[in-house]
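Two complexes follow with chain A in common, the first pairing it with chain B and the second with chain C.
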Partner chain A sequence: MRETFRLSMAYMHTWLGLVLGLVLMVVFFFGTLSVFDREIDRWSVPETRAAAAAMPSFDKIIRPYVEQVQPRQESMDYAQAYEVIGQLPPADRIPLGDMSAVTSHRDPLIKVYGTFDVPNAPRDASVDHVHVFGDLTVHPETGERLTSIEQQLHLGTEFFYPMHYMLHLEWYDVGYWIVGLAGLAMLAALVSGVVMHRKIFREFFTFRPDKPRLRATLDLHNLTGVVALPFLFMLTFTGLFIMAYFYLPAVEDLARQTIDRQDAIEHAESGLPEEPAGRPGGLASVDAMAADAKARWAAKGTPGEIGYIAVTHWGDANAYVSIGRDSVDRVATGETLHYRAATGELLYEDPPAAPITATEGFLHGLHYQQFKHWGLRWLLFAGGLLSCACIATGFLFFVEKRRRKHAAAGVPGARIVDTLAVAAVPGMLIATVAMMLANRVLPADLAGYDLWQERVFWLTWLATLAHGAVRSGAVGAGGTSRAWGEQCWALALLGAAAAVANWATTGDHLGRTIATGYWPVAGVDLVLLAGAAAAAWAGYRLGMHGTLHRPRGAVAPQAEPVHV
Partner chain B sequence: MVSGFRTVDRFAAAILGGFVFAYGFVALATLGGFALGLPFFEAWSLTMMLSALVYLGVLVWGFAARRTAIVWAVLGGGGAAMAAAAWAMARTAS
Partner chain C sequence: MSDGILLAFAQVLAIGGMGCLALSLAAHWKQVFGDRAQTRGAARGLRTAGALLLAASFGLCATANPVSMAALVWPMMLTLAAAIVAAALTARAQRARRG
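Take a look at the complex of A and B:
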């Protein structure tokens, strides 16, 4: 029975990993990049290369811009296509419902967001209102609106980060579902991996790169899997948990009236109006409320800066202002104070979180990583890369184990998987770096500048897949594809070129950014160069050994009994 | 052909059956926790935290179980029964 269980786990591990490993590779790689999403934004939009700044005066700097926020075209298009009945009114005729202004210790910009109340009836009868969204960007020190960069694609937060959770597949949210399924497969792969290899402790210390490649690949797969196990489990689990309300809307579907009733009770207890009054209302000095909030945090022994200011029911008699602390020094977020907009009196202070709520906040914070701790941030980045190595070596092991057998039988299986692995490992890196290079060398005033960057990304990725397929003949003959080495060299060139292009187009070379301590840009350049160097080294090693079978004796198949 | 059908059947039983089970669990455990005295939104949060682990558990069982017919029956039937019970509770409880 125990043996049967291990075999069924091995079956699950192999086939779930094969089918969803590609998606996992994408999710983990872009998740890893998202650890430094704001820094990549600074690199990709040079106009925003400034030091992070505290939240400026709301009354003087932010308030005048609130009326300027309008729904974004993409948001209008999405609502029109999927959410509402009938034609939407023009964007400037949809009234502002809620607004918020957000910054953080990593952001030199103030984002002002608007949530607009769409008058149309929703298609989904269980939804009360449909909203559309807009935002604008303000420089915290000059107080200028940065119109020119608002519509510009910020590679970190607007391309790499969404890639991480929805693969840019918006059509009926299919990207979210694929990522969710892949996350579940990752948890299942961790459980089954542990069941398959019970010698966890020993595998922590086992890597034999001089052994035949099959063995060395499996060693590396096990080693990275075991070392990164807590990271892999917690990040996958918290990611699924964050999206669980979307994936499993059972309570919304079956107990909508209970939710509404409890919502009303909660609002009544807190005194925060759930709905607008429908009458206009004033807005007292928000700066005074902000000063009061800071004084209250200081009095509690947790002095801090303001992370966000939100006004719910903007312009209405029921409006209230929420002021949140920038949680630089803790994992969970919280400590929000709410004031009546018209008078500035304190309405409600979020109570200390109950154990369940505190746990939820901690799990969210663990995934979103808004805290200020650079050592930990780099550790999370390293954990992400280690996870990618674990996923990639899983693929390589699959190919390595089967290539001779498939070649002998004339089956294309190993060849196809190897092609996909080429696209998923060096190919994905090439596409990412090519996009960053395009971001620097294409003129920013080019019509469709953003669209061209995205095209470069997708087309380059497709090209690496084609290249992998063309070069995979050797795998079909039981050998190794030359695509690996060639794409490593391409990646090395592109990575170096991207760092040089940053210098050429902005003047911010490493000498300057390091000397002035502007680490967001220096860090991205250094990672590009380190990646290029690693790729060159890998390309060199593959060139030496890639097509050779070191005749170190055939690998006995019974050495890996548990892999089906 | 037969092995192809078996593979699809096994994956579908574990993944789709597991989804139905997790869906039913979320509804019933939230309303059940609320009925037992937990504040509603806390019961809901706790359930959502557990949902990924429950889904993972039944998925693993779905691959380990000997026959897929049992997997379909337990996960699909169990999920539907829990969802129905939750639906009834939401209509009778306060």
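Take a look at the complex of A and C:
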């Protein structure tokens, strides 16, 4: 019975991993990059390479821009296509409802966001209002609006990060669903992986690269999986947890009335108006409210900077201002103070979080990682890389186990999976680095500059898949695909080229960025170069032992590890 | 002492702790000490020392950061420490074989 259970777990582990491993590789790799998404933004949009700055004066610098925020065209198009009945009014006629200004200890920019109240009736009867959204970017010190970069693609937050949770497949939100399915499969793979592992403690630290390749691959898969298990489990779980309301909207839909009633009660208790009054109202000095908020945080023993300022019901008599702390020193996001906009008197202070809210906040914060802790940030980056290694070696083990058998039987299975693994591992890295190189070498005034970067990414990735397929002949004969070594060399060249291109186009070479301590850009360059060096080493080793499976000193063939 | 130094010490303790736990396993003991037999007392001692070092590592994390933050920093340090110990043992075994 025990062995049957173990075998059925192994069976599930193998096939779930095979079917969704490619997606998991993408999700974990781009999740790992997203740990440093703001830093990649600095690298890819050189105009924004400045030191992070505190929230500037709202009254002097931010307020004049609030009226300039307009709904973005994409947001208008989406609302028109899916959400409202009838024709939307022109963008400049839709009134601003709420606004917020946001910054953080990693941002040298102030983002000013607007939420606009659409007058049209919603198509979905259970929705009260439809909104459209817009934003603009302000330089925190000079106070000038950075129009030129507002529409420019920020590689970190706008390409790599969305890739992590929706794969850029917007059609019917299919990307979100695929990622959710892969996350669920990952949880199942983690549990079944622990069940099927025979010597989880005895071989906790074991990696034997000199053993036959099948054994060595499994060692590495087990090692990375076991040491990164807390990371793998918590990040997969919190990722699903964050998206739970998207995947299971029934809770919100069915409980709509209860939720609305709860909202009304909470607003009544806190004294924060839920709806606008419909009469115009003034806005007192927000700087004074900000100073008051800082004084209150300091008095409580948690002094800090301002992370965001939000005004709800902008310009209305019921307007109120919320001031939130940049929660640099804790995992969950922090406490917020609310002021009456017209008078600046304190209306309400968020109470200390109840246990359930605190747990939810911790689980969200653990995944969003907005804290200021560079050591932890690098540890999470390392955890992400270990996870990628675990997924990649899972693929390799599948191929390794079947390579000879499929070659003998003339079945293309191992060859197909090997091709996919080539595209998923070196191929994906090549596409990412090629996109970064394109970001630097394409002229920024090129028509469709952003689109071309995205095209470079997708086309390069497709090319690595084709290359993997063409060069996989050896796998069909029971050997190793040439694509692995060749793509490692391509990656090494591209990685070095991207770092050099950054130097050539901006003058920010490592000597300068390290000397001036500008770590966002220095860090990206260093990771590019380290990646290039690792890829070159891998390419060299693959070339040297084109058939790595002949281990030094190994004599009798080992019994194969028993897995499906 | 600055938080950075405390955390660096915490990482060192985690590596030491993981190293002790690895040596408490017969296979790795043999890798490092060769034919010298591992007594039951030694194995138990190493396990205890390993656990104590890991606990001390958490103590340092919780001193440097709020506990809620340490709850995240410490497991990640253990992950890195285990990977480092495994890599060191592998490198040692390879060197010994080529030796």
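Following the convention adopted for this analysis, the second predicted complex is superposed on the first by the 548 of 564 C-alpha atoms of A that agree within 3 Å, B and C clash if a C-alpha of one lies under 4 Å from a C-alpha of the other, contacts with A are read in each partner's own complex, and residues count from 1 in each chain.
Assume a residue touches a chain if its C-beta (ideal position, glycine included) is under 8 Å from a C-beta of that chain, and two chains touch if they have at least 3 such contacts.
Bear in mind that the values here come from a model prediction, so they are computed numbers and not experimental data.
Colleague: Answer with first, second, both or neither: which of chain B and chain C does A:F362 touch in the superposed model?
Modeller: Only chain C is touched by A:F362; chain B is not.
Colleague: Give one of first, second, both or neither to describe whether A:A188 is in contact with chain B, with chain C, with both, or with none.
Modeller: first
Colleague: Contacts for A:D210 in the overlay, against chain B (first) and chain C (second): which applies, first, second, both or neither?
Modeller: Only chain C; A:D210 stays clear of chain B.
Colleague: After the superposition on A, what does A:H129 contact: first (chain B), second (chain C), both or neither?
Modeller: neither
Colleague: Is A:H168 touching anything from chain B or chain C once the two structures are fitted on A? First, second, both or neither.
Modeller: Neither chain B nor chain C is touched by A:H168.
Colleague: Thinking of the overlay built on chain A, is A:R455 touched by chain B (first), by chain C (second), by both, or by neither?
Modeller: After superposition on chain A, A:R455 lies in contact with neither partner.
Colleague: Would you please give the residues of chain A that touch chain B in one complex and also touch chain C in the other complex?
Modeller: Common to the two interfaces on chain A: nothing.
Colleague: Spell out the residues on chain C that touch chain A in their complex, using ranges where they run on.
Modeller: 4, 7, 18, 21-22, 25, 27-28, 65-66, 68-69, 71-73, 75-80, 82-83, 85-87, 89-90, 93-94, 97-98
Colleague: Taking the touch rule as given, give the residues of chain B at its contact with chain A in the complex, in rising order.
Modeller: Residue list for chain B touching chain A: 7, 11, 14-15, 22-24, 26-27, 30-31, 34, 38-42, 44-49, 51-53, 55-56, 59-60, 63-64, 83, 86-87, 89-90, 93-94.
Colleague: Mind pulling up the chain A residues that touch chain C in the complex?
Modeller: Within the complex, chain A contacts chain C at residues 201-210, 223-224, 226-228, 230-231, 329-332, 362, 366, 371, 373, 375-376, 379-380, 382-383, 386, 552-553.
Colleague: What does chain A use to touch chain B in their complex?
Modeller: Going by the criterion above, the answer is residues 4-5, 8-9, 11-12, 15, 181, 184, 187-188, 191-192, 237, 240-241, 244-245, 248, 250-251, 253-255, 257-259, 261-262, 266, 354, 356-357, 359-360, 363.
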